[in-house]
Amino acid sequence: MPAYATNMRLKFPILALTLEIITIILFSVFVVYDDGEKHDGHGDHGNSNSSHKEAKDPMTLYPMFQDVHVMIFIGFGFLMTFLKRYGFSSVGLNLLLAAFALQWGLLMQGLWHLDADGKIRVDVFKMINADFSTATVLISFGAVLGKTSPVQLLIMTILEITIFGINEHLVANVLGANDVGASMIIHAFGAYFGLAVARVLYRPALRDHENNGSVYHSDLFAMIGTVFLWMFWPSFNSAIANPGADQLMAVTNTYFSLAACVLSAYAISSLVEHKGKLDMVHIQNATLAGGVAVGTCADMNIGPFGAMLIGFVAGIISTLGFKFLSPILASHLGIQDTCGVHNLHGMPGILGGIAGIVAVAMEVLHMKKNYDNNFASFPVRPLRSAAMQACALASSLGFALVGGAITGLIMKLPFWGQPPDQNCFDDSIYWEVPEEEEAEESLAHGEHSTNKAEA
Amino acid sequence: MPAYATNMRLKFPILALTLEIITIILFSVFVVYDDGEKHDGHGDHGNSNSSHKEAKDPMTLYPMFQDVHVMIFIGFGFLMTFLKRYGFSSVGLNLLLAAFALQWGLLMQGLWHLDADGKIRVDVFKMINADFSTATVLISFGAVLGKTSPVQLLIMTILEITIFGINEHLVANVLGANDVGASMIIHAFGAYFGLAVARVLYRPALRDHENNGSVYHSDLFAMIGTVFLWMFWPSFNSAIANPGADQLMAVTNTYFSLAACVLSAYAISSLVEHKGKLDMVHIQNATLAGGVAVGTCADMNIGPFGAMLIGFVAGIISTLGFKFLSPILASHLGIQDTCGVHNLHGMPGILGGIAGIVAVAMEVLHMKKNYDNNFASFPVRPLRSAAMQACALASSLGFALVGGAITGLIMKLPFWGQPPDQNCFDDSIYWEVPEEEEAEESLAHGEHSTNKAEA
Amino acid sequence: MPAYATNMRLKFPILALTLEIITIILFSVFVVYDDGEKHDGHGDHGNSNSSHKEAKDPMTLYPMFQDVHVMIFIGFGFLMTFLKRYGFSSVGLNLLLAAFALQWGLLMQGLWHLDADGKIRVDVFKMINADFSTATVLISFGAVLGKTSPVQLLIMTILEITIFGINEHLVANVLGANDVGASMIIHAFGAYFGLAVARVLYRPALRDHENNGSVYHSDLFAMIGTVFLWMFWPSFNSAIANPGADQLMAVTNTYFSLAACVLSAYAISSLVEHKGKLDMVHIQNATLAGGVAVGTCADMNIGPFGAMLIGFVAGIISTLGFKFLSPILASHLGIQDTCGVHNLHGMPGILGGIAGIVAVAMEVLHMKKNYDNNFASFPVRPLRSAAMQACALASSLGFALVGGAITGLIMKLPFWGQPPDQNCFDDSIYWEVPEEEEAEESLAHGEHSTNKAEA
């Protein structure tokens, strides 16, 4: 690839400005304020979340929205700063992609739920959902981190959010499946979408890349992301739950699942590492798997200990995945997963989907015991619900893999400014990097900085 | 200037302790708890915010207060840590100034709104306003960052907050202008106040100072500030809006303005930089200009796309200002603006003021269309309101420039311990700095640390 | 001690997994969701906080819970990252200990307040209390930071939380003392518990350890912790106050106490340091002493200026403690207090307890003036209350010192993998540390890294 191809001077500004202008035009046509009155459209039928519209104070969900917002911008952004020379891109491109994704997500989700007058009314609930759609892109970003240009990433954002909107509509409105914490439609979807893209963009020369690693302080920056994600995950999983007891249940389950997950992730990290040492990669990521895995059944009556069991297992699976599975995926399947999203979002997301199927199916037992009003339909309804949950998981994986593969092919076109191999995982190809620091590092590395092919 | 003048041992402790003791005495005279009962004083007439007193739960605004609090202490504090050797001062003096400013601000604002019994009743609303007055000082701090002593900064804090209190009273209570997100009374005021101070303190030797730059990790610390400011700006602009739909509108407008601003700031940064690279200075600052510029009309019915247009333009103006205007101000006008507050708060603040004038004037059209109850006065009221908005902008700029110039002259007196030129932008003149780090840096710089003139 | 003893490969995973499995089993027996209905048990008698159960929306306290959560995981975690080579352990072990402590704390506190059906119903209020019990462990962790293995710390967690539960029950339910912000039962308790442990684990060779210090960027990471603790401390002190005016009063008092404390801490730091420079150790810690000291009487009518006086004095005491008392404790009493918890939590905690005694006793004067309904019992009730406050302080100190000493003896058993002297304050004994960084540091230190005795 000719070196000048990575010059973003024209292609990036043109794409970014064009996208934003198109978005503003679409907003002027479709998006209005929520005035608190009813404008029920056909799009809301079957939407289990529509009860939120009844809430009187439109700001009730705002603190939870801000928790989710912190997860998106600080959590995801800093989690990816672990790479030694890619911090600007991690937190900076995270901000760029998320800022565009939340606008695009609001449109792509809103178009499926237009009000009777053809408008999308923005309220805090819709902002939370826009942040959710953003999360899928940031998860996929983790899989291709360091190997893609800002232009490629903006293209991925447009396509992924659009496909997410379709799958989300299918799962929530057509299948009527439960996925309150979005184990399937965000985490599994985002992970496998990103892995499919990463597979298409596979580059053998990136194996054991010298910049694909951390330094001491970059690992500490990443912990800022980890801890904010960990703390606010109960808000993520409960933000769109029904207010009151259901929301509290979602908070409680996520809180305990995460706590149990920390213990198992630390234990397994020590068990599999040299001399029983802890590995920062595991700590930064696997401690969060409990939040992912408990997502689908966060608002189901699985009991606090049930949530802890899910988190406990998720921490084990995730840590083992980082240690043993990721190297195999990279060497045998050509899937280079920079942040290990398969271990944090992929497998725990599937685990969450399966837990949801089981939890819904087990309602059979509860119903039998309780002789409730729906006894007439016993056991058809819960089994049908369990089947719908399974369809939702399959749909999410299918859309992710096919959509990701197509998106990867488009991203592979040669004129999007993808970085050459030797400049991967390095901010300096797309960012002005302070010179002093480069001098300091080359000194520290006992060498002169020679691997710049930007000129 | 004799070197010993920078020894803070006596002057700083005496000033800080004296100020705090005076403040405590004033608090014992004027400040009491809010007991939830009415004590309406004459000061509240014409205060559009007094309706907040009706809220039953005194803690309703508390989550928003904490968002603003995070912006003040983490946002401003870490945003300024971008300098390679001035991180202790940035986040540390930010804490010192803000802690004093919120006490002083509560008094200076409260004295204009005393209750009938001559007391200031502290509630969350007043705490938010105290944080707001603090913001003006921290904006001005950005203009003189690295070139002033803690004693000088405390003096600036006292004077600036006092003048802010006068202007705020004039704008809100006498002119009755709207400035819910404070584009004019905080951002433009703080920026031009700081620029006036910086002009008076101009020192030619600081041009191209070797410490006036970043290193890799200092830029990452600064991004913590940027992202927290970006996320919580909707709270800043909506905190004192009328509860309910107005507050939601302020959140919505700010959220979309900021999102659009990110895209335009990134695009222009790439467009104007060498080889299309992104510049961290632009990303850290210009991405926030949308929050500033939408402030005044955040709670006005400008439409989500109107808010996005404002943010889009603000991102462009701010980035261009950093690239082209700041160097001119420094070289031709003698205004050394360390953090570029003119580009982040100054110009976007004026843009916000103008947008407010236009938005208020355009009510004429709305009224005409709607034949509302005020038709009798059409079009006198909206035009009069627009004129009041213009007066508010002029008042804010006038108080800032004159007040800043006078404050600068007082700060220029030779006994406040201003750092000598060669020690500017360097923590070690006012802070104990770990020695290992200095050794590491001198190694990295390939030189011995010789530029210390503190002895 | 044989070097292999620090290999955590078996002992740490076995302990962590066993503890988590036991916890999950206990949760399956005792812990259920809060369904919003009443299940009053005998444990609630005399609990002044039980009025919280009346709140209709179970999520009302959630934003405050998240503030406290941020203090526990970001605040404590990053505050301890000031050490140059111990950041992974500080924030990483903080996460591990806190994740286990909140589960164990919920059980240990809940067992004293079982509902009639023998269950613990988890609500946000109980989660806040679980975070509170966690805080005691993290305070003690600060005293032994860098000198203990993860296994030792887990053991300390189990024992300290159990003892905390007993003392908390005694203070709140038997003595009926007020300690809304927990100056006594968390801060003084946690500090003196940790100091007792540190005394038992005393190692003369650790004096002036080369790794027991900071580098420039580690001090900046620590400021993240400081500032988040500082900002959210009003939530900590008011979270379990009675809703409404009492809660606002607790917020107000803490807010002003902290603000005044910053001024006095900065002033005294400059006064006692070489050439009037500020010391990061003081700024990171003593600025928070106002939050500790105002804890007990945060919801008492001490007046905003009373709160400021408490904070003002706390800032002075704490800074002087760091400067003069800590070296004496280390050299003469064998108490090596890595983070100086005696100065941040110990002395200010006692100050808070004493302030509480005084504030309660001074109700005598108020009652006399007000001729309120309780006049019949005047002045018996307030004096009795003051005595109960004094008993609460004595109980907290007693349990802490005795419990800490016993815990220290157990932790001193030779098979828990305590690090050898030369590997203290160094992540690399328990963590995989990136190699580049070590190379960089050894270069910077002008030496080769030779102090590894792990092999």
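As written, the chains take the letters A, B and C, and residue 1 is the first residue of each chain.
As a working rule, a residue touches a chain if its C-beta (ideal position, glycine included) is under 8 Å from a C-beta of that chain, and two chains touch if they have at least 3 such contacts.
Because the structure is a prediction, the values reported are computed rather than measured.
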Homomeric contact chain A-chain B: same or different residue positions, threshold half: different
Rigid-body rotation angle, chain C and chain B, from Cα fit (steps of 5°): 120
Cα-centroid distance, chain A relative to chain B, in whole angstrom: 34
Junction residues of chain C - those touching two or more other chains: 63, 217, 224, 443-444
Chain B-touching residues of chain C, taken from the complex the two chains share: 63-64, 67, 84, 213-217, 219-220, 223-224, 226-228, 230-232, 235, 243-245, 247-249, 251-252, 255-256, 258-260, 262-264, 266-268, 270-271, 273-280, 283, 287, 301, 303-305, 308-309, 312, 441, 443-446
Of chain C, residues touching chain A in the complex: 7-10, 12-13, 16-17, 19-21, 23-25, 27-28, 31-36, 57-59, 62-63, 66, 69-70, 73-74, 77-78, 81, 85, 87-88, 91-92, 95-96, 99-100, 102-103, 122-124, 127, 150, 217, 221, 224, 429-434, 436-437, 439-440, 443-444, 454
